[in-house]
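Common to both upcoming complexes is subunit A, partnered first by subunit B, then by subunit C.
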Partner chain A sequence: MYFFKLIVRNALRHRLRTGLTALGIVVAILAFGVLRTVVDAWYAGAAAASATRLVTRNAISLVFPLPLTYMGRIRQIDGVKSVSHANWFGGVYITEKNFFPQFAVQAQSYFALYPEFAVDPGQMREFLRDRKGAIVGRKLATTYGFKPGDQVSLRGTIFPGNWEFVVRGIYDGAEARTDTSQFFFHWDYLNETMIKLAPRRANTVGVYVVGLTSADRAAAVTAAIDATFRNSLAETLTETEQAFQLGFVSMTEAIVVAIKIVSFLVIFIIMAVMANTMAMTARERTAEYATLKALGFGPLPLAAMILGESLAIAGAGGLIGIVLTFPVAERFGAEMGSLFPVFNVGRETVAMQVAAALLVGAVAACLPALRAARIRIVDGLRHVG
Partner chain B sequence: MKIPFSYTFRNLWTRKLTTALTAGGMALVVFVFATVLMLEEGLRKTLVETGSHDNVVVIRRSSQTEVQSVIDRVQAAIIESQPQVAFGAAGERLVSKETVVLVNLIKRDTDRPTNVLIRGVAPQGLTLRPQVRITAGRAFRPGTSEIVAGRSAAERFKGAGIGETLWFGLREWTVVGTFDAGASGFDSEIWGDAVQLMQAFRRPVYSSLLFRLNDPASFEEVRTQLERDQRLTVEAKRENVYYLEQSELLAKFIRYLGLTLSVIFSVGAVIGAMITMYASVANRIGEIGTLRALGFRKRSILAAFLTEAVLLALVGGCVGLALASFMQMFTISTMNWQSFSELAFSFTLTPDIAAKTLLFSLVMGVVGGFLPAIRAARLKIVDALRAI
Partner chain C sequence: MNKTAQPVVEIANLVKSYRRGEQIVPVLTGITFDIAAGDFVALMGPSGSGKSTLLNMIAGIDKPDSGSLRVAGTDITALSEAGLADWRSHHVGFIFQFYNLMPVLTAFENIELPLLLTGLSARERGEHVAAALSMMGLTDRSDHYPSELSGGQQQRVAIARAIITDPTILVADEPTGDLDRVSAAEILNLIERLNRELGKTVVMVTHDPQAAAKAHTVRHLEKGELSAG
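Presenting the complex of A and B:
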């Protein structure tokens, strides 16, 4: 017991220094946690993807559409349970800054394929009845104050013109990782306008979403769909929903890698600061360590004492840092708005924060502990700070 | 009277471990700070040099990017016949009617598909962009399935190297040359004959028009003319402005992320410096007392300790900057969210960035060393001499 008391007393000897070091660790662990959460948010789309859904798109790239007639042919393929389709709309709400994803979907089949978008049945009926209707996510609704019955006007970038919508329902995410910042409306509305304005672009869809009878048939169905349309004017490329989402992540991988590197760099920096604190502390106490040795303490208890002090400071700082991560991440996610639709601190992040704090404490104590353990009593007693 | 500089220097030299750790921490912070500035500069340079002030890009109104834009042949003919369009040496109009599409190509190093911009250009397309030079092989012949790849596109994508072939739009395309566009955004593109690409992708329309102004000052005039024309729904931008706007989001993201990180990191580094300097003061109370008793003023003590902190920071700053300068060897490639295509750019170190970085490290040193230096200066001679 006296041992722990000694550690605490030692740690509190230089209050200012201990306080500053702990503060540094709070900042570092907090920054580490938020950065890891940003990385997680990057992968959120892929993490929320279902194993029983495939996405079929034009093999050239997403810019090219697929003909509507493919729908029936995909449905015939063995292992396919249901098919729906979606078009990326890319409209601008008032100004370019208000970015959120908008999709023109085949409403009934799309929401059947995505059970994680939970819509009130009454609102769903309203939506299906209104060709100009739209269903918006909870997060989006809170950000812009959309309520059922509201008129929303979007300026088309891919599909020219001003498009009027009426919000008919709001969907909630069935899980925390569900993206609730999207805007869905009827593909029919889009198509009918295109028939009038640009008939050449009518009756086309952006991607097909394919529901599987079971997840283990994914590979076979993928191959079968692509084989059906090989050598046609619009060849297809089918992937699991997860691979499709990861495709987007990999295009911006350089940024993710940079954030990851930086998140470890911050731990390194604080390691240097902490190691410095412990080195100074140990140097000042050289004479004390020699005294303790003269009293009969072995090198191990001395090393343990330094390690304990280092771990105590790092642990305290780390704990405060972890506790602060949650409100800060929440605030940060709210500020970022629709850029990161899902922004939650993961359990893994917290585990890594704990590990990082303990690692910093342990590494910082290494060199001073070794020195203290090795010091010769005579030299130590002669030492002047 | 001033305390000699060697006193300050020797103080740092005696405690090598502490000095190294503190300076090391600062070096890392400076490294991050400099890297972010270099990245932003690299991106800016890449996109500014992509466009020319004398050229005008015409795209469909509110389509934001060339990829989303559509201009049909009738509209193109109207735009082409504007009086402000310059003529070339052979009397041809300096207009390039272009078609721009994205194609998925596989990266050589990761085997992952990425969006690559394929640009179909008219023969004048090369004349209009004098920074584009064919460095290997030759230019594509109009009317054939030949393409040329930008320097970084050729390096990074499977099948885009000279002599290799790419398959898209139900055709095989032979890469007959690579071009260097002077580290501009075109380096990440692949070019071919506009007519052939339109055929292959079955798009009877152009994406954008690029023309040279016969008088650079006549831009406003031609812009109002085009935007007021009832037959057109287009917007015109100077080429350099167009490319600058394309990277706004990415540049902003890099800047904000970098600034946030620098602020957080510098808090850590300043704390490190403060701890070191406080300890340095605490260890030398007797010494400070002696100096004061010898007749050195409070001011000199303050200056000596501040110098020590600044010296420490400067060492860190120089090491960090040296490390960051090595980053110039790397190229970053990422998707530009606005144009949705892959863009490669490198870290660029300018004298301005070097100065900013060193200034940043000095500020860290002053902030970290100020409070401890004040404490040192305020010590009473009698108390200080009694300290040991």
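Presenting the complex of A and C:
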């Protein structure tokens, strides 16, 4: 208790210095938390992927479609429970900056494969009844004010023309990491229109989503699907949903690596600042440490006092930084819109923030604590702070 | 003071030198003398004569190059750093020129500091500190921080801290060097009282002849050698 009191009073001795150092830690831990959340958001798609889902695409490139006829053949493969398909639509809502993912899907089978998209049964019935119906995610609906019954017009880029939709339902995420910024509509609507406008592009799909009977069948089913279509006009490349999502992340890997480096640099910089503060503090108190040693205190209590003070400052700054991370990340995520469909501060991020704050405190105290522990009493008593 | 009392400090052929770059500067060159239990010794001499170095060695905060130094029956030259720290906490009370109080602790807490190394409970520590404060006439200053006390009051707090563990010897390095004449006289009287009434052995370094006059024994150091008794 006595030493705790001494640590707290020492920490508050130079209030401005301690305050500014703690403020620096607040900013650093906050920045670290937000940057780590950005990294997590980057991997959110892969993290939310199911182990019992595979994605089959054209082996040449995702740009090239697959024939609709593959669906039946995939369904027959041993280990396959269900199959659905989706086409990336890539439409523009009013202006190009209003980006959000839109997919033309085989509605019933698709939503059956994605139980994490929770839709009110009544709204789902309405959606299935309406050829031009659409189901939108909660985040997307909130961003653009979509509600059931609203007409939404998308200007096609990959599929030309103006496409009219009616919002029939809003889906929520069953989990916090579920992406609720997507827009789904009937593939039939897309296909019927394509039959009229560009018949050669009709009856094709972007990807097949394959539901497995069991996750441990993934490798065998993957191999079986690709073997089925080997030497065909459209060979397939099948991979787990997670690998498929990571494929997108790898395209922007350099950015993710840069963000990770910056996040650790921020911590490194504040560590240097904190170390300087603690070194200055300890140097000023050299005579006091020498006095304590003269009175009979060993090196350990002195080192513990410095470590305790450093941890107290870093801990206080870190705690405030962590608390602030949540509202700042929420605001940041909202500002980013559909760029980061899932932007939640994860437990791992908070744990890393706690570890970073404690590490900063501990590392900053190391050298001053060592010096104080080793100080010769006669030299220390001569020291003028 | 009983001059025939057993020596509490026994010094024989004490040698100490410092290294200044390549040069070795001798500070003490074979000092030999004893200090009897209950004595009040003043060490005098010009700057650089080695009196503070001698005091530091008696107090166990510096080590000689050679020679023998027994304090309270212990050969302190043979003790390890940890052993010396433990020994100091039991046997030595320090009074510094600039008081060396912890600025973030109150008078009460400063005096309590050495008691943390004992096994006393908080209540027992409190009783000891209250008695010391009363003895120093500082009961009403108990909750004051050093910055709220005069120089004389700070030195009285430092003296209370020095005696709180009932040490064998009190070492005082220029205890009045930072005080006005009135406060200096008060502090000297207090140290003299501790010696006379409590029988504390006092070893004091001073430049001040008036301070030295309070001592029973005055030792002069000149260029690292004891010059007169």
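Just so it is clear, the second predicted complex is superposed on the first by the 385 of 385 C-alpha atoms of A that agree within 3 Å, B and C clash if a C-alpha of one lies under 4 Å from a C-alpha of the other, contacts with A are read in each partner's own complex, and residues count from 1 in each chain.
Definition applied: a contact is a pair of C-beta atoms (placed from the backbone, for glycine too) under 8 Å apart; a residue touches a chain by one contact, two chains touch by 3 or more.
All values derive from a computational prediction rather than experimental measurement.
In the three-chain model built by superposing on subunit A, subunit B and subunit C fit together without any clash.
In the superposed pair of complexes, A:V27 makes contact with subunit B only, with no contact to subunit C. In the superposed model, A:T252 lies in contact with subunit B only, and not with subunit C.
Chain centres taken from Cα atoms put the angle at subunit A, between subunit B and subunit C, at 90 degrees to the nearest 10. With both structures placed on the common chain, the touch criterion links A:G298 to subunit C but leaves subunit B unconnected. In the superposed model, A:A287 makes contact with subunit C only, not with subunit B. In the superposition on chain A, no contact is made by A:G315 with either subunit B or subunit C.
Touched residues of subunit A, counted separately for subunit B and subunit C, are more numerous for B.
Legend: residue contacts after superposition of the two complexes on their common chain; A:T157 is shown touching subunit B, with no touch to subunit C. Overlay on chain A (Cα): least separation between subunit B and subunit C is 12 Å. Within the complex, the subunit C residues that touch subunit A are 56, 59, 61-62, 82, 85-86, 88-90, 94, 96, 100, 102-105, 109, 112-114, 116-117, 161. By the touch rule above, subunit A contacts subunit B in their complex via residues 14, 16-17, 20-21, 23-24, 27-28, 31, 59-64, 90, 92, 96, 155-158, 160, 200, 231, 233, 235, 237, 247, 250-255, 258-259, 262, 265-266, 268-270, 272-273, 275-277, 279-280, 283-284, 367, 385. Here subunit B touches subunit A in the complex through residues 15, 17-18, 21-22, 24-25, 28-29, 32, 60-64, 67-68, 101-104, 110, 112-115, 168-170, 201-202, 204, 233, 253, 257, 261, 264-265, 267-269, 271-272, 274-276, 278-279, 282-283, 332-335, 337, 340, 342, going by the rule given at the top. Partner subunit C is touched in their complex by these residues of subunit A: 2, 5-6, 9-10, 13, 287-288, 291-298, 377-378, 381.
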